[in-house]
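In the two assemblies presented below, subunit A is common to both, partnered first by subunit B and then by subunit C.
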Partner chain A sequence: MTSERGEAAAVPGLTRRADAGRDEVPDGGAARHGGKAPPSAASTRSPVTQRAWLPWAVGGLVLAACFGLQSQLYAGQERTVATVFMFVGLAQAWNLIGGYTGYACFGQVVFFGLGGYTTAALMAHAHVSFWLALPASGLLAAIWAALIGLPLLPLKGHYFAVATLGVAEGTREVVTNLPSLTGGGAGISIPTVGADATTGYLGNDGFYVLFLLLAAVSVLVVAIVSASKLGFALRAINQDEDAAASLGVHTTRTKVSVFALSGFLTGLLGAAYGFQQVTIFPARLFDVNFTVLMVIMVIIGGSGTVVGPVIGAAFLQFVSEYLRQHFTEAHPFILGAIVIVAVILLPQGVVSYAGSAWRNRDFSLLDNIRKYRL
Partner chain B sequence: MLAVQGLSRRFGGLHAVADVSFTVPVGQTLGIIGPNGAGKSTLINLVTGHLRPSAGRVEVAGQDLTGARPWTVAKAGVARTFQIVKPFRGMTVRENVAIGLLYGRQGMRRMTAALTAADEVLDRVGLAGKAAATPGELTITDARRLEFAKALALRPRLLLLDEVMAGLRHTEIDPSLELIHRLKAEGMTIIAVEHVMKAILSISDRVLVLHQGRVLTDGAPRDVLSDPRVIEAYLGHRYARREQ
Partner chain C sequence: MSQFFQATIYGLLQGGLLALIAAGFSLVWGVMNVVNLAHGAFVLVGAYLAWELSRVGVDPFLGMLVAALALFAAGYAIQRLLVNLVVNAPVFITLLLTFGLELLLVNGLILLFSADYRSIRTSYASRSLVLAGDVRVPVGRLLAFAVAIGITLALVALVRRTRTGLAIMATGMDRGAARLMGIRARHVYALTFGIGAAIAGAAGAMVGTVDTFSPADAGRFTLFSFVVAVLGGLGNMYGALLGGLVLGLVEAWGSQYLPGTLVNAVAFAVLVAVLIVRPSGLIGRAHYAARVEV
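After this line comes the complex of A and B, so read on.
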């Protein structure tokens, strides 16, 4: 490789082409190995200060619009949009560990399930208000993330993915086998009416607002992390962990903290979901499909970006809902096909594609595929 | 500045580094040479915390760093370059350098301040014009400069260079040498593992020869290189002839 570069430098015409190719290779390499796409160059390339308020203003407007949208929706639509908000939050939580840090966690649902069960157990057995159970659920999920993160985060790539998958399955079994606390396989019900109810059921309107706020918090957390010193450390770990450590980044502490933060957000969403469902079962709250959806949403949207997971979650959830209503039989088949096509055409995600396409004035999807050698 | 006492590292039955002891006083540049597999890179990795020693002791400026993790070593003021350049490919050159400023000995807190300070470091190594480029766009010489800049961002007291000349052509070596000489003039303590003899002779105040994990000899560059044992065993007859 060294001599190749040296020779190319001697021929001006070659240099430019070699440079253009090299520019894209690292991105492609990263994207092909489990969606570890680097942060969108658009956000890292531009000077920090100029028009820094613009994304915040847009975010605020979108949030206000979502509040305004509520009154315009039928009950069914309101539930669908609330689910989209839930997935926006979940995708963002996964984005922290899987997107920014590059540790593809395939057991993320464990924090979701733990959050739901903590809330259910606290409300049913300890008669705690939902508003106390909610942060407690996030906290317990964060503690569990830190505990499993210590032994698992030194593992890389596939090993980390498989190990977290194992932890999620194992935790589900433990929850199933503690019937006095969790109701076992038969499930547990949260009292929502009468004297036993600690917090009244929030109803469609209430859950819409709750999921919207949790999604907003998740996006805000990711946006803050992304722009902070911590975000830099996460990208450095993602791109070269040895180099990051030798530049003073305490890689173990950084990875464990961000995993705990990711677990915390996931736990909050699990708590809200558990309350919304009223009766929860291990098979549902620890369903591996939740993890898979988070991963797909982040990858389609653009991992390691703030906006990507929002787009990915909204797109996938709306398309899925539309297909469910109009193609009841073929729905999973069509959705699967769409995901495959999307990943082939845009392996680096919508946001990263848009960024580099805009910079290079090249919007050809074929060129994009070629660039990533798929 | 650096004191290494009886340092050893075994990989299974192989003694990659065996009972190595040496000290480097402040401001000195020590060259480490030896044939492939002599344990040079392992020695560097033991000092920087990328490997834990099986036995022995590492001290930097009186601080015991035996078995310390890489980030602790970095915060103690020890910077290193890697044999294969390790840029953060998704970041700009400026951001690559900012990492060391944010997390190293200086521990800057504000991003904007770190990015501004990064430009000063880039200026020092002659990369000021490339601050907004990505590492993939750099030439091999500039990629080496970036490696230097990242290390210097730690504001190091001790700089470990692991084959920074590897793969460079003769004309490309000179800018790196010039940079190292400038650092020497500023009083930096440097340890350079190197295969390129021209570089070793140019920068080293002292040369240490490793062979099969042990220190073979340690002394003034000319004396060491003319030592018959060194010529015979490590550099081979061809180099001995060329020198005469």
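After this line comes the complex of A and C, so read on.
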């Protein structure tokens, strides 16, 4: 391994951020402004980095506001908002492997499903408390991620996408065909009441807090990774893997460990989701639409940024819920149209668009089309 | 023994159908590096067109031509107006665009035709030829298999013998160089996408004739196309046919000897194994697998 400076030099334009990020931990927004700082040691004392606490303060305020919001919602709304939190966490987990590292994982739902099934099996068969099953689910998902990551992560582009999709579908079939452990296609129920219940059902209030905390943990992990040496290694791999390797980034180890981390977070959310649903089925927990939603949320918000997936997840989930209530039948149809328009007009995501539009004072959306069309 | 023989026959015929479903997908992926997640939806649009026509008395093998023509026009327009706008963007973008298209088409079909299962009825498709040892060959599947072989051969002839086909191959190998030679890449891409959609439409008519279908099948068709395209390999027009036959045989034999629905897991295990050991597929060109996709 070379020094941090040498590693970051693999990424033109990020060198300066390495200097700015050595002492403080800039969030997405701060890091973006940090790019303007002069590339010298003095940059640590520039006015920009002195505001490095700002994103943390904003994050803390948002977290507090979400706790405060809870008392204003009735049960149905509470469930909806808890789902938004779940997707914030999922999008953030996918962001690690898909956004920062640039590996289009189209089988991310496999970790979600494994997490849910680990929790269900542990609670139903082994009578383990949910609070033990939760980390165990994350760990199992992380181990599976590392195991499949070793042979699959050398693949690139579409091939990695197809291979992970294949693993997800194959894992679902295996889970379906282990009825003694997983209940097979008929599903498995977690005992939540009576003597069999190891942990009482958390109810709408409890799951609101649980999903909020898990989402906060995911955002925190990504913020820390983003500012750390690992984060720079990931961006380097994303931009030019060979160059990153030649400058001392151990690409295989880096990719596998970030894939495991991403799987861990997804597994935690899957465990919470499985407990919330009580009865789970392979068709639901391994639904490929979960993966696709994660990807869309990250892309619309801004891949490879900390705040992007949060914005994307909140936006898409609220729009989807609004459409579901007002256009019950046509709602996926309209959602398809929204995805097409969003992808054509904002291929780099809201956060990156807003940043560059603000810097260049150019708010035209047509530039993106000019950039990517044939 | 006759059971094994029957499974082999069935696997080969099913493989031909899978090859037909995947041929257009493989072509589009190989030439444009676009993974078209809406491919399964195109297959279904073809199936519903042939189904509508069969209700006014048009034979599905004639309806197949109509479906192919209609989907060619639609595919050309979609590539020209939508996909060409993002064709240079990173991998995710085209994946998401075509996924949005899939949502649009599948849910449009549900709104139009409901989510019920349909099938195209003919007087001959459900009949069977009986071979020695009571091995049966369903006529409809045999005809669909013949169509799959015919379309693959036509595709090979198109790509090798016509100027348009050579332009498609050249653009697929190096778009920049092709444009310098005076090839209109936008038009060639749209043609390629149109041909892919047309084959999907024909495949849809065949699927409707031998099997039931509903809008919910779109994802399954796309997934099969994925597996077949990777298995056979890109850049070779026979790739989809070989991949389809191998997958059909593996599934048919697997369902004989494996319990439950575990046979589906076998298909994906084969896929992942091929990707790890030989990413260029069974007979694909290494050039396409090694291509760095940014």
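What we mean here is this: the second predicted complex is superposed on the first by the 320 of 374 C-alpha atoms of A that agree within 3 Å, B and C clash if a C-alpha of one lies under 4 Å from a C-alpha of the other, contacts with A are read in each partner's own complex, and residues count from 1 in each chain.
We adopt the following convention: a residue touches a chain if its C-beta (ideal position, glycine included) is under 8 Å from a C-beta of that chain, and two chains touch if they have at least 3 such contacts.
Bear in mind that the values here come from a model prediction, so they are computed numbers and not experimental data.
Of the two partner chains placed by the overlay, only subunit C lies in contact with A:Glu329; subunit B stays clear of it.
Look at A:Gly98: by the touch rule set out above, it reaches subunit C but stays clear of subunit B.
By the touch criterion defined above, A:Gly170 lies against subunit C but remains apart from subunit B after alignment on the C-alpha atoms of chain A. When the two structures are aligned on the shared chain, A:Leu212 is found in touch with neither subunit B nor subunit C.
In the superposition on chain A, contact of A:Met123 is made with neither subunit B nor subunit C. In the superposition on chain A, A:Leu268 makes contact with neither subunit B nor subunit C. Shared-chain residue A:Leu152: touches subunit C; no touch with subunit B.
Listing the residues of subunit A that touch subunit C in their complex gives 98, 102, 104, 106, 151-152, 155-159, 161-163, 165-167, 169-170, 173-174, 176-177, 184-185, 288, 292, 295-296, 299, 303, 329-330, 332-333, 335-340, 343-344, 347, 369, 371-374. Looking at the complex, you find that subunit B touches subunit A at residues 48-50, 69-71, 73-75, 79-80, 82, 86-92, 95, 98-100, 102-105, 107, 109, 111-112, 114-115, 132, 134, 136-137, 139-140, 150, 153-154, 167-169, 172. Across the interface of their complex, subunit A is touched by residues 29, 33, 35, 82, 84-93, 95-97, 99-108, 111, 185-186, 189, 219, 223, 226-227, 230, 259-262, 264-265, 268-269, 271-272, 275-276, 279, 289, 291-293 of subunit C. Those residues of subunit A that touch subunit B in the complex are listed here as 2-3, 5-6, 9, 19, 22-27, 30, 38-39, 41, 44-45, 48-49, 227-229, 232-233, 235-236, 238-240, 242-252, 304.
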